[in-house]
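Two complexes follow with subunit A in common, the first pairing it with subunit B and the second with subunit C.
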Partner chain A sequence: MTTNAATGPAKNREKSLSPWAIARRKFMKNKLAMISTAFLFIVIILSLLAPTLAPHLSPIPDVAKVNISKMNIAPNGDHLLGTDKSGRDVLTRLLYGGRISLLVGASATALVIFIGTLVGSIAGFFGGAVDSMLMRFTDFVLNFPFLVFVIVLNTILFGIVDGLWVLIGVIGFLSWGGVARIVRSKVLAEKENEYVLAAISIGCSPAKVIVKHLLPNVMSTIIVQATLLFASLIIAESGLSYLGFGVPQEIPSWGNMLAYANEPDVLQGKPWMWMPPALAITLTILSINFIGEGLKDALNPKSLR
Partner chain B sequence: MVKYVLRRLLGMIPMLFLVSVVVFFLAKAMPGDSLRGEIDPTNTNPEYIAEMQEKLGYNDPVYVQYWNWVTSFVQGDFGKSTRYKMPVSDLLLEKIPNTVFLALTALIITYILAFAMGMYSGRKPYTIGDNLIAGFNYTGLAIPSFVAGVFAVYFFAFKLHWFPFAGSVDIEVQNGTIDYWMSRIHHVMLPAFILGLFSTASYTQFLRNDLIENSRKDFVRTARAKGTPIGKIYNVHILRNSIIPLVTFLGFDIASLMSGAVITEKIFSYPGIGLLFLDSVNNRDYPTVMAITMMLSALVLVGNLIADILYGVVDPRIRLG
Partner chain C sequence: MTTKELTEQNSKKKERENLLEVKNLKTYYPIHGGFFKHVVGNVKAVDDVSFTIKKGETMGLVGESGCGKSTTGRTLLRLIKPTGGQIIFDGEDITNISGSRLRKARQDFQMVFQDPYASLNPMQMVGDIIAEPILNFERRNKKELEQYVKSLLTRVGLPESAYYKYAHEFSGGQRQRIGIARALALNPKLIIADEPVSALDVSVQSQVLNLLKDLQEEFDLTYLFIAHDLSVVKHMSDTIGVMYLGNLVEVASNKDLYSEPLHPYTQALISAIPEPDPKLRKERIVLQGDVPSPANPPTGCPFHTRCPMAQEICSQEKPPLKEVRPGHHVACVLY
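The block that comes next holds the complex of A and B.
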């Protein structure tokens, strides 16, 4: 797609901005996307600084220790967001939970993008039998009911490998189908260009053509996909943890904290235990989605804004 | 058309085979006797286990085991639940009507809301009403169903007391009376709304954009020039064209509603397939888990098949291509 911008209208060439600079400019003008970016940055920084911030913000900077004397305290001056049923500070757990939720989301996204791009670009570039075989396999993976299979796989693998990485691996291996399809269709269109033929004819190996020539040109699509995936994989993590099949219980994550809402008395009478993680999840997802939409707009040479 | 349907049906068979192989090996990887549930998991005597394994054919070659499992599965023998000590098929038959009722209600709510909002937005784009609906859509698409569900229970069940917060029916009402059905509908409304929230938002958005696009087409201008009332143009001429693509979503909905039911049923403690699945995983009732897994996987395939066939029905180009 970026080739369009380079050979586009004459006034673009006078400014001689690179496609990436044009995209950045468009993105900066998008207020909603910029506010979302700022918000997401704050969330990430707060989560990263959790070990430093927690001792200043709450009297109990520990996430796991049970404090029988401090159970079920409503928000007050000491505990800004109250404490949960085991006497752990909700704010501390919220900060630490962000680390886990974002970590799972980001690593699973990286895994999905890696597998999806690999399969998609190989299928698209080679075509023929390789393509139809890989795409059959992709259809096959896409045909599993995601939630059910993650839970079943988690049950089997649990105890064999460390919990958190099982979750990331399982989520990753079950969700790359969509990315593979999109990358394949983009590569299929892109490889018809003459520069690809030129690269092949001067003796570039297929791997080099894919990595050096094709991938940079489908990069904009991959970036947008990665952003939207990041949001949906955070949802996957917190949804699974909410059901009790995600991140191991002793590690705080937003989903694990939200799981308290499964108990009717907490849901009804102690909203400070589940509302903060629920809002954190929602706002983070919303901001990532807005960023994704903004990027989609900015990286599309045809959009006018 | 018959040829097209047959071709899609045949194309489904290898997928169904592969899925069943995967489920079979997952079941084998699970601890205990996940395929049939005949071995008592509380009896840890190694001699007993070895004897039962021999009796149930677990020492046969893998392909023989697979064949035995698959043939009994298609005949409706899903093994025995280790927790309830009854055939899994009976257990499923007890729960399926609840989930189907939930999914159907969700579908009905989705269609009613999406048509009302989509028609309004499409007729009056870029007005306050349209923006409000767009805001609702965006929230519906972005908020995960479990967060929306938890908030819905909190506000509508606990704070406003409009709906019950759990179960599928009041205990005291008599089965078969009008009160019984009213109570069931009352219980199912909120979960169904949450289950259908995502589809409602995407349907509305789709219908709105399609209406706006179609309203710029030549046949609309012709109809207007002929003096057709604007209401009739929208309700008859444009809507007919915009409904067609929506029909094809139905197939995907079947699959997504059934898997989405896992989360929704958990939030509302609604006794259906999804809740049974989660309870079975927690109670290590693996034969039930595997039967539900196989059933839901098959449903996804059937849903895709229906979507494909509906595509063919509404668009002849696909059917012939």
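The block that comes next holds the complex of A and C.
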């Protein structure tokens, strides 16, 4: 049963699975989640390679330049997905748009998770007055009318900071409340375990107890939250861009491309202009949600212990 | 037996000094209530407890659930802030130190926890769990540290290969051994064992207890051994303190306490120990009623509501813990 010293540590290391390795195996067995991961991976690769790919796929790989002679062309051999009302290639814009939509979604998610985890774990660990103060502040942020604030802040900050980062910052600073609450409640529950007391008794500083002991044990919740947030923040970006308050007009994003659909003429007669970004958004969100579900199953605390 | 006698002789030769002195320790948990969540009362988990532990000795602390044994242990290690009193450890007053000074002081007193399933971080490798206390205080060569941790693992009766495993791969008894190795890692002077075997099978209990005894001699440890099982405490301790409702009601040497319990509560406890010989059936003292709430303890002696020998004065005056015979302290008006 127990391997003796002769077999060496390397072999033992393989035999013992860390809780993370167990979760990874479980995730790999989930077909839907794996297909979704593959799809998301492809979308990310295509978006990242946009500058390299676009010249091969389209005669006009420029995303911004208006081309009066090539307006409203339906998909054909030259323009695989047609051109839009300003004569720009839809496929090129779709590839470049993916970069922006995914970038905004990922950066805003990172920001939200960072602030939410910081506030939530500190509030949960220290409790008492610190907890009350931080949570009242969280409630305050949660009660901001999101849309109004995004529009106002975007207008004020426009021109001072690069448009894209304004949007990421604004979305990030207004959306961390939910994560903070979830992390806090998880930390509160996890804190009751004796290993936290043990960590204090062996001389860990509060920061170390939070980072090394509490966070790894609430990480599963944070990861699942992050995936779901990623999806919803991509939608937030698209929604804002569609309304004209998101990514600046000159930068292509899936939401910006979708904005053409508010003209009845385009919506009814020129589906090649809005169908690709709509599909891209839908499928990406769907796959992210499947991945989130898969992670939730794989990281179920019962399977981790 | 002979080794025990030898150590007893040794201990008589050199007068042992106090390692831990506890004076009038109080730990209250505030009860918040009312509209503004202000403090409306206190749960007196530990109420005026005093005792001393000499170097190299084991003091047992017994009492029923909720009597404040664990809170006492945790307060002594400064895991809970004491409300009042004084804790003097190895000549230094640690009652009110905090921050990095407290963290530094923790090197010398460690704890073995009650629940081996909750006291080990499920995300850490066993090697890291045991190495962590050392890394909190000094930088060590990685190879050297690994060697040291492995030697600790072997010492507590686990294979070296345990180093690379995770806590979920071990049984309760093995996990408790990991917890003991973690407590030993810093080479502490005092280990507080908070019901270390109450979550284990009886067959495993004795193994862990014997391990603790062996380690005590080898590493020159002092124990505060908290338990609710009188036979376990008898096996382990030199002196025994009996707690009731946050108060220490009797402190005596192992032999005196079992042969001649003085406090009515101790007498009742000892009469409840099962006797293996059926012919030796003895009179059991059955206490009436329940333990009063520590949020609203009775006036006078905390035990007078259930005491078979209660007198009128018991409800008015709280008897202090006084030495009625050499080394035998009791808090009761009868003596």
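In this section, the second predicted complex is superposed on the first by the 284 of 305 C-alpha atoms of A that agree within 3 Å, B and C clash if a C-alpha of one lies under 4 Å from a C-alpha of the other, contacts with A are read in each partner's own complex, and residues count from 1 in each chain.
Here is the rule we use: contacts are C-beta pairs under 8 Å (C-beta built on N, C-alpha and C of every residue); 3 or more make two chains touch, one makes a residue touch a chain.
Source: prediction; values computed, not measured.
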### Query
A:P19 contacts which: subunit B (first), subunit C (second), both, neither?
second
### Query
So, A:N217: does it touch subunit B (first), subunit C (second), both, or neither?
second
### Message
Quick check for you: in the superposed arrangement, does A:Q268 touch first (subunit B), second (subunit C), both or neither?
### Response
first
### Query
Should A:P55 be classified as contacting the first partner (subunit B), the second (subunit C), both, or neither?
neither
### Query
Which subunit A residues qualify as touching subunit B in the complex?
139-140, 143-149, 151-153, 155-156, 231, 235, 238-239, 242-245, 258, 261-262, 264, 267-268, 271, 274, 278, 281-282, 285-286, 289
### Query
What part of subunit B is in contact with subunit A in the complex they form?
15, 18-19, 22, 26, 29-30, 139, 141-147, 150-151, 153-154, 158, 165-166, 255, 258-259, 262-263, 266, 277-278, 281-282, 289-290, 292-293, 296-297, 299-301, 304
### Task
Spell out the residues on subunit C that touch subunit A in their complex, using ranges where they run on.
74, 77, 79, 100, 103-104, 106-107, 110-111, 113-115, 118-125, 132-133, 136-137, 159-161, 163-166, 168-169, 179, 182, 185-186
### Query
Which residues of subunit A touch subunit C in their complex?
2-5, 9, 12-13, 16-20, 193-195, 197-205, 208, 212-213, 216-217, 304-305
